[in-house]
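To start, the structure itself, in structure tokens.
Letters A, B, C, D, E and F mark the chains as written, and numbering starts fresh at 1 in each.
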Amino acid sequence: MKGITKLQVGEQVDQFLLIKQATKGVTTVGKPFMSLILQDRSGDIEAKLWDTNEEHETTYRAEAIVRVGGEIHDYRGKNQLRIKQIRLARGDEGIQISDLLPSATTPKEELFEELTQFFFEIKNPNISRITRHLIKKHQDRLLVFPAASKNHHDYASGLIDHVVSMLRLSKAICELYPTLNKDLMYSGIILHDIGKVVELTGPVGTAYTVEGNLLGHISIMVNEIGQAATELKIEGEEVMLLQHLVLSHHGKEEWGSPKKPMIQEAEMIHYIDNIDAKMNMLTRALDKTKPGEFTERLFPLDNRSFYKPTF
Amino acid sequence: MKGITKLQVGEQVDQFLLIKQATKGVTTVGKPFMSLILQDRSGDIEAKLWDTNEEHETTYRAEAIVRVGGEIHDYRGKNQLRIKQIRLARGDEGIQISDLLPSATTPKEELFEELTQFFFEIKNPNISRITRHLIKKHQDRLLVFPAASKNHHDYASGLIDHVVSMLRLSKAICELYPTLNKDLMYSGIILHDIGKVVELTGPVGTAYTVEGNLLGHISIMVNEIGQAATELKIEGEEVMLLQHLVLSHHGKEEWGSPKKPMIQEAEMIHYIDNIDAKMNMLTRALDKTKPGEFTERLFPLDNRSFYKPTF
Amino acid sequence: MKGITKLQVGEQVDQFLLIKQATKGVTTVGKPFMSLILQDRSGDIEAKLWDTNEEHETTYRAEAIVRVGGEIHDYRGKNQLRIKQIRLARGDEGIQISDLLPSATTPKEELFEELTQFFFEIKNPNISRITRHLIKKHQDRLLVFPAASKNHHDYASGLIDHVVSMLRLSKAICELYPTLNKDLMYSGIILHDIGKVVELTGPVGTAYTVEGNLLGHISIMVNEIGQAATELKIEGEEVMLLQHLVLSHHGKEEWGSPKKPMIQEAEMIHYIDNIDAKMNMLTRALDKTKPGEFTERLFPLDNRSFYKPTF
Amino acid sequence: MKGITKLQVGEQVDQFLLIKQATKGVTTVGKPFMSLILQDRSGDIEAKLWDTNEEHETTYRAEAIVRVGGEIHDYRGKNQLRIKQIRLARGDEGIQISDLLPSATTPKEELFEELTQFFFEIKNPNISRITRHLIKKHQDRLLVFPAASKNHHDYASGLIDHVVSMLRLSKAICELYPTLNKDLMYSGIILHDIGKVVELTGPVGTAYTVEGNLLGHISIMVNEIGQAATELKIEGEEVMLLQHLVLSHHGKEEWGSPKKPMIQEAEMIHYIDNIDAKMNMLTRALDKTKPGEFTERLFPLDNRSFYKPTF
Amino acid sequence: MKGITKLQVGEQVDQFLLIKQATKGVTTVGKPFMSLILQDRSGDIEAKLWDTNEEHETTYRAEAIVRVGGEIHDYRGKNQLRIKQIRLARGDEGIQISDLLPSATTPKEELFEELTQFFFEIKNPNISRITRHLIKKHQDRLLVFPAASKNHHDYASGLIDHVVSMLRLSKAICELYPTLNKDLMYSGIILHDIGKVVELTGPVGTAYTVEGNLLGHISIMVNEIGQAATELKIEGEEVMLLQHLVLSHHGKEEWGSPKKPMIQEAEMIHYIDNIDAKMNMLTRALDKTKPGEFTERLFPLDNRSFYKPTF
Amino acid sequence: MKGITKLQVGEQVDQFLLIKQATKGVTTVGKPFMSLILQDRSGDIEAKLWDTNEEHETTYRAEAIVRVGGEIHDYRGKNQLRIKQIRLARGDEGIQISDLLPSATTPKEELFEELTQFFFEIKNPNISRITRHLIKKHQDRLLVFPAASKNHHDYASGLIDHVVSMLRLSKAICELYPTLNKDLMYSGIILHDIGKVVELTGPVGTAYTVEGNLLGHISIMVNEIGQAATELKIEGEEVMLLQHLVLSHHGKEEWGSPKKPMIQEAEMIHYIDNIDAKMNMLTRALDKTKPGEFTERLFPLDNRSFYKPTF
């Protein structure tokens, strides 16, 4: 079955979808309706449910799985789903939320296996032990969390997808610039965003936790490195440097790093993080664009549209 | 005896002074000399030592106490000390470095006693226990460290002087704006800058430590609050809020706070910190200025000169 | 009777309300309707009036008092008033506009009495005479004007409420920082915003006057101080300093002060003004927020949401 | 006699010069000397006086006229005057300070005559009366003051030179854009900078007065327009508009205008002021530059160097 | 017949109009409609067409000429056209698109004649030949293109209107500042924006071409000057200076000029360009505003509203 | 023989050096001297020549090769060379300027061979032909020019060193992000900075040419691509895209790119350029720094000092 975002205007729909977001509304003549955002692995689509009542509002909430019949139509240049039938999925139909979440193309187990291979290349015992301690502590969430609530790698297992992609790039770069310390590079990349598993709520309807809002993933992880070192009775410059790598990976104070990078590995991790995030957004945007045309505006890329060449 | 900064041009000098900084130079005709910055409790003054040799350079280093004879003269509108005799102080002359450091006017013991009174007003047991733990841990350094290497409260015991001044102001403000939580206010103020005792090297020749440069006093203290909570087995929102108070007290990302204030007590601590720092600089600058004239330019106050009214 | 903003969804309404704003609209099928903003002392609420005609448009205008029957319902997460009956209030029903305006909690007469007490503490005769002259000139409007058209102290008598609150805070601060000149502080605070009575139109449907737009309350008041001094035949530095205090109270050129503060009292008045304005907004926003949740975004506080702790 | 800035390295000097600035110094071997800035109508040059004593320091002060013998030499690529003889000018030698000040090329009386012609074209009686009142009040200083202490029109009569040049340009512009009100344009230009006669100390050793620092020429003039209107019993929109023209002529809050231009004449006066100031600097800088080379860096023009074409 | 923007609410419409833009919509109850922007020489107006079907959507597209019957009504304070009848214009009715486009008031042939007169004043043969070559190459489009897709001179022949207006202003300025090189001024103004004929699509439904987006009119024209010089076998500083004039006319890097102005003529062309663009917007906005009121907000003028005086 | 920058304080010098810069000075007692910057392949050092006369000044100019005897001493913490003997090198001593210029470690012929290999991987004939044309046109200068006058790759053959390093990195990146077009990447990198061979004067005493100042290497190269396409009769999107790659490689308008990157290859070339430039500076600065210490401040890296870890 084709993904919901791949259908053309006029095509019929009859499939299971996950309610990502549900909002009540009132038409200008005072009649209640609901706006739903429905998703499957391919992405999401907007849908309207007219003439709703209170029962609809309690039934069709975020995170519910529904079976929907309807048709794709065009609304102001964007596809929308006109709902004709809708009902909740039954337990015996065997549909899982994870079946309907967009997620990394590579299975998460393979990604974790690849991450582990990079981890084994870390030689410094202090760095290696702290890194292992924190991977193990957060392993379950690391495998399924997105890297962000929107923009880049904002899908199930997006976090590990992003980390592994950065590790691959850092390997090539370490060969070209051999003064870089591979142990710091690999450990810094593995740890830099793990704080996201505390900052965010999870892969479905991703939002910020209170702790995420008040402390942020950077401070959360800097704390955890300190606590890990205490627990493992590790002292030495390595602890401070790993904390610095996490602290500074946004590159500038105004982007949320209380210190700018002050070792070369920190500077490079900041570059690699940026490249991988931007390429993830660009690739997805260009994938939806025809040759000779421009992508939609990409807010985190200074709101630019990118051109797709014709050759 | 008058302080070294209170002397007029032409007055004779014969007193013990602390070398704050010593730099070698070569005149334009190739002769070696030394530039010294000499200080006592009243502040510091520049001095030149001509026709020096290697022995001078090894003898007259920073942190040495010297007995100096000479005269004040004017150099480009600023007082300078022309050295006629100089020698190292002898151990039996009984001069301590602390006798020659500028420091808070109120004795540090009295300041600590006042801080303790404020501490006792904290009712919430979690907040109280974490605060006591960290005061005790850093008590020795808290009593003698400056609050900064330059600009405001940059003298021995400047840190506790600043903290107590902020506590007094916060007390008045809590009465005027009763929705503020006094426990969070007092604890937040006591803890907000203690990280400086790790960030800075101490009251003499104050500089940044490597950890101070790479992590900064904010992250250092956020970590310590986390570690204290673990050690004291304290859980609950209080821990996160104290961390947030420290994290956000610079007010903005570009000023080194990875999160802006997101509770009202954090917002207010940021204001109080700012007022007390600025008033410390302003009062000292105006103290050196005659009515009807302008202070020197104050860099952290947007490089402004302030006018001292004639009435 | 409960204030209009205190009612829950589903509660019935039958009370007098003031029309703050009335806008015509057309539904997407071409039928006319009106959007009304209705207010009482507790604040305001949006309401829709369907199927309106020209008579409705001329009857239900801003500043009219109406008797409304209806019910509270939820529209996109905000309360709205569904109007069932509406009519103009009759003169014999004795409802005044001032009965329906949000206003300072303390009666304006008490606030003025408190302001007068502070005024009596001014010792310098030149400062005292200019201040009295301008208080008397604008006394009527000073008692009823808001301090702004939106954001902080944007209610009847908000201006004097703000001024008195600043005076209280400045009293505490003058005790802690005794180099501050109390005469300049009190007079500067009393005068700093009086220009608002020319800049704004008044407490109902507050907007900017042409003079407010083209000159602004700062320049208006600087002029008035000059004119008062001429009239009272006062010469001397005090006139210039009072003008400077008003001129610089926004703190920076980009915030509308043609000169930054250049005396310490000016710097401090800028801080106090800021604190009182921000706390007014914060207190009101937190008052509407449940513990464990965040306030709505507050635009003048960098668009931040603030968290309300659970303890 | 050639102006002091027109002499080549190696040429002999024997002429009267004005001391613009005098600073004491000490050589690196402790010998006193003085740095003088000496000027005549052509501009200024640096000079050193070696082995000075206290008598030199009291004799050769700023604003003294001296007779100097010496030679031009090159110091780090800039011309410097090597003093061989120096003495104070005697009263009977008949040299006036004004003989040695750089000043506008056109005599100030001619400039004032031209300004008067523009003034007579103002038709609106309110605008005309206020303008005449203020021209008369400040006429003496308007004729001799510079427009600034440095950068543009920073010479005797520079203010009126600048105003007349702007009037000429505005005449051409009013013909091309006929919706502009000529009365507002001419009066606004005449008044916009007159506050400088209070802001600055005068044409010799130009500095800021206290009032200039604390209020600035913009607020000073806005006040004077208000006072003039009161005195002349003029009411009406013209007063407010003239005040707005002065208030807004720096164009932006961060450049010292508390309000941005809000009438078209204000916008245009801001442009004309900018063009005339920039062209004054550019013309003088290019005048000193050879074809095929770049001018020195011009700080108020974003620190740019300008190229002088070879054709 | 009155222009469509000059009609009052309630007036009947029956005339030919050009569809500038056509957008599909769906009402909140799911019924399709179209939003049209219709224009004639006086400007444009919004209109709604209810209960549309696919045939409407294919018939009433941008650039179609239609005959419309209907009535003006008020929608949220702006005039809107309620369509009662609509049909396509027939070929035999003889209406051209150019009859319905807003355009320069002066006929394009007269503007071109005036431009030619300025061109003839250029003396330098290299500058003259390059300028003529490029005028001839782009003459057809230069006569009809707008200077922009919105904001200033955004109408048919707006480009040449803008260029000629700048030439007139530059003539007056060259007389007042005689160091300016008239050849560079006139040629620079003529060439500075011709790249717009490649950057934009044309006078109807003006948009950016792909080349316009990726290279921009500045780089396009700098290239063309280079190519013209090669073709005409012209060498010498003139080529580089003309390229620099075009390159720098936006004044700053952040406004799209890769180099700031570095010759005085470049600086002045930047000022003249700015003045003419701003006055074009201001004049049109004030023309629609009553005395004593403010214009709508003008985005390119810092989003300001301008006041129209009452006298 | 050890390079001049590798010598310790106290070591004797007797070797050929190139005068990079020569400046006249006068001591505070009026005696002339010269400041020289002398260099060999290892870098440069400052030296003073006392009691100079006019003959010295004409003999010891920039680009002269001299034989110098002397000793290294310490001046304010930096090494300086005390000259004892100095004379011009004689023609028969066979020393070339290129023997004394710092340059790329890899021989320029090898770098060019590697660049050629990358070039051969370009498949698109239009891209390939334009690229070859421009490589050939500038081949001589491309082999010896630096990439900048200071900061990164500021040595002989620095330009080709930088380009080849970027090509290596882009190869690895194209493998990790396969949607990137290799032809555009390789050609864009080869061409992006070739304009430097016109913008700069050459490898000795590198400065900006007039054309470099007024047009800049970006516009120069965009022109050359256009001219090459005309000459080779190539049309098609490739020309525009290559121009866009060069145009946008500084990433932002304020950094001198008139257009931001708008194709993904442009975005990536900007990242790669940045990484390679920054790593070049960082590696050289860290090379001069001991473990446990900080580098000097690096201006183009936000003036940061970088820490060199101890492990």
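Points to keep in mind about this one:
FYI, contacts are C-beta pairs under 8 Å (C-beta built on N, C-alpha and C of every residue); 3 or more make two chains touch, one makes a residue touch a chain.
From a predicted model like this one, the values you see are computed outputs, not experimental measurements.
Listing every chain that touches chain B and chain C alike gives A, D.
By the document's definition of touch, common neighbours of chain B and chain D comprise C, F.
Think of it this way: of A-C, B-C or B-D, only one pair shares over half of the A-F contact pairs by residue number, and it is B-C. Averaging C-alpha coordinates per chain places the centre of chain D 41 Å away from that of chain E. Chain B and chain F have Cα centroids lying 44 Å from one another. The set of chain D residues that touch two or more partner chains comprises 25, 28-29, 210, 213-214, 241, 262-263, 294, 307. Per the contact rule defined earlier, chains pair up in contact as A-B, A-C, A-E, A-F, B-C, B-D, B-F, C-D, C-E, D-E, D-F, E-F. Across the interface of their complex, chain C is touched by residues 210-211, 213-216, 218-219, 222-223, 226-227, 230, 240-241, 243-244, 247, 253-259, 262-263 of chain D. Of all the residues in chain F, the ones that touch chain A in their complex are 124, 165, 168-169, 172-173, 175-177, 179, 181, 184, 236-238, 241, 260-264, 267-268, 271, 274-275, 278-279, 282-283, 286, 294, 301-302, 304-311. Partner chain C is touched in their complex by these residues of chain A: 23-26, 28-30, 210, 213-214. Within the complex formed with chain A, the chain C residues making contact are 25, 27-29, 31, 33, 48, 50, 74-76, 82, 292, 294, 307.
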